[in-house]
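One structure is given below, represented as structure tokens, and several questions about it will come after.
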Amino acid sequence: MPQSTRLGRHVVIEDGVSIGEHVVIGHHSVILQGTQIRDHVTIGSNCVVGIQPAANERMRKDSDAERNLVIEAGTKIGNLVSLYAGSTIGETVFIGDHASIRENVQIEEASVIGRAAIIELNTTIGKNCTVQTQAYVTGDTTLEDNVFIGPCVSMSNDKYMGAQAYSLKGPIIKQGAKIGNNASLLPGITIGSHAIVGAGAVVTKDIGANTIVAGVPAKKIDA
Amino acid sequence: MPQSTRLGRHVVIEDGVSIGEHVVIGHHSVILQGTQIRDHVTIGSNCVVGIQPAANERMRKDSDAERNLVIEAGTKIGNLVSLYAGSTIGETVFIGDHASIRENVQIEEASVIGRAAIIELNTTIGKNCTVQTQAYVTGDTTLEDNVFIGPCVSMSNDKYMGAQAYSLKGPIIKQGAKIGNNASLLPGITIGSHAIVGAGAVVTKDIGANTIVAGVPAKKIDA
Amino acid sequence: MPQSTRLGRHVVIEDGVSIGEHVVIGHHSVILQGTQIRDHVTIGSNCVVGIQPAANERMRKDSDAERNLVIEAGTKIGNLVSLYAGSTIGETVFIGDHASIRENVQIEEASVIGRAAIIELNTTIGKNCTVQTQAYVTGDTTLEDNVFIGPCVSMSNDKYMGAQAYSLKGPIIKQGAKIGNNASLLPGITIGSHAIVGAGAVVTKDIGANTIVAGVPAKKIDA
């Protein structure tokens, strides 16, 4: 560990962790085996970082999830956060308190993941995205660059809710689209670039670029 | 404590805890007085397990909540989880990170409680249920076997929102019913067996067996 | 620290913390610099208390957030909670497990903040309010006395979702108003005193006193 590292009290760092220069880790945080922390990363208190996926017999397992967690330079992670192995958190990302990010997630630079937001497995988040507080980004989802996901937005990736075999598919949200607070997105839909979804809308179909929708089910409205 | 126990660092185990064979407990987790952990249970890091209920003067107290927490064999508990005394978590249950389960809850075998899901007091969850990420299962609720609660589903158990004396009553969700993501269920309603509630629906009345509903308020639709 | 203090194991108390009489702090909790804890406060396990705000370059910073966190007498704080510096939690308040309260928040006496509820910055909460489980109270919001916010209620304070310069403005919720579970409130709206918003409603306009609304968008209904 470099001399420039600042550790809180009772920090647990397992074997096989790499730590860059000028890293700060708060009290009681746990850095699990294989985690790679680059320069100038800060991690708050009581976090658990680098978790290997677990499951019971009824849950999906991801075979290649034994890879490491990488936290790129300049990223800030809050308190009481959980981060899984097999994901890469890009440079100067911000991750709020109580957030959780699962395995095989890629988050590109300068994106913000809000407080208590959850990012499920196999999801890609572009640059400069904002995922607001308590938002739920389901598995197998794509957010292109500059996407805004409002607070408490909900998504799903399983059309049959476990009842049939189905290739799980989250939404595809194109560049610059904005999703209002507490909107619900159904599995596999595409939200076009710079589209706007109103607060509380339930989006059941693809939405074209530059379109504004609202309501249940969501319909096109004038700006 | 059996020799087969694997403890992380700085684990706190209070007096009066019983631990079965081959139990694994992650770093910084807290096992409070009276907790009973059976064989082959795994608990992640930074959990708090066996909490005695507290309240301020305006909140409901539960007189018989001094009983123990029991975690049955083969159950897996994530990281940063809170579990209360007076509940029983059945065999081979999975409880995701950041989840919270209150007092006097019964969860039967092989059910999955998702990441950041919350199960309030006096609730019963049957076998093979799935309560998805961030779902809110209110107090005094019944989930029969094989129920699916989608991500971010919301329930309430207080028709008068604190304004009148009312016997608190959560929903009754019958066997095999499926609730879509971010749907809202009102107090005391019954969802019939194998019924399906669409994403974002607001369910204000009882729903019959094998019925599909959607919308605000939720109405019957064809499959 | 007074002799009457009861500390759990591995508690971290930084310099410059003041602690009143008969304070109880659970295992692994972290009390950061400058926190002021009054008499008869209880704090659960694995909490992080007195956090200084952080941000990345794309996020709002609050210049005067270097002030202390004050927790007034008789207040009870759950487990795995995060509380920020620059806020005041009034007397005999209850804060549930996994809740998060940001900087420059004032909460008056006897209010209840539910499990996993989130209170964003610059918000004022009056006396005897209830903010239920998983509710999201956005920044720049005012709750007068005796307000009830149901479980999973969502709010927003940014009309343009980051797209335009806009003075951020949360809802104003007048005395005794009640918001049903999973309702969505748009930025800057006023909910009149003793108004009632139905479960799952999307409130897009001001609501008068003593009015009942429901639906998407929310419209006036008879009681």
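A few points about this structure:
In this document, chain identifiers A, B and C correspond to the written order of the chains, with residue numbering beginning at 1 in each.
In this section, contacts are C-beta pairs under 8 Å (C-beta built on N, C-alpha and C of every residue); 3 or more make two chains touch, one makes a residue touch a chain.
Keep in mind it's a predicted model, so treat the numbers as computed, not measured.
Among the remaining chains, those touching chain B as well as chain C are A. For the pair chain A and chain C, the CA-based superposition corresponds to a rotation of 120 degrees in steps of 5. Counting the residue numbers used at the interface between chain A and chain B, under half appear in both copies, so the two copies meet with largely different residues.
Distance between chain A and chain B, defined via averaged C-alpha coordinates, is recorded as 24 Å.
Residue positions of chain C with contacts to 2 or more other chains are 10, 28, 46, 80, 98, 116, 134, 152, 182, 200, 216.
Interface of chain B with chain C (complex): residues 10, 12, 28, 30, 46-48, 51, 54-59, 80, 82, 98, 100, 116, 118, 120, 134, 136, 138, 152, 154-156, 161-163, 182, 184, 186, 200, 202, 204, 216-217.
Of all residues in chain B, only 8-10, 26-28, 42, 44-46, 76, 78-80, 92-94, 97-98, 110, 112, 115-116, 128, 130, 133-134, 148, 150-152, 178, 180-182, 196, 198-200, 215-216 touch chain A in the complex they form.
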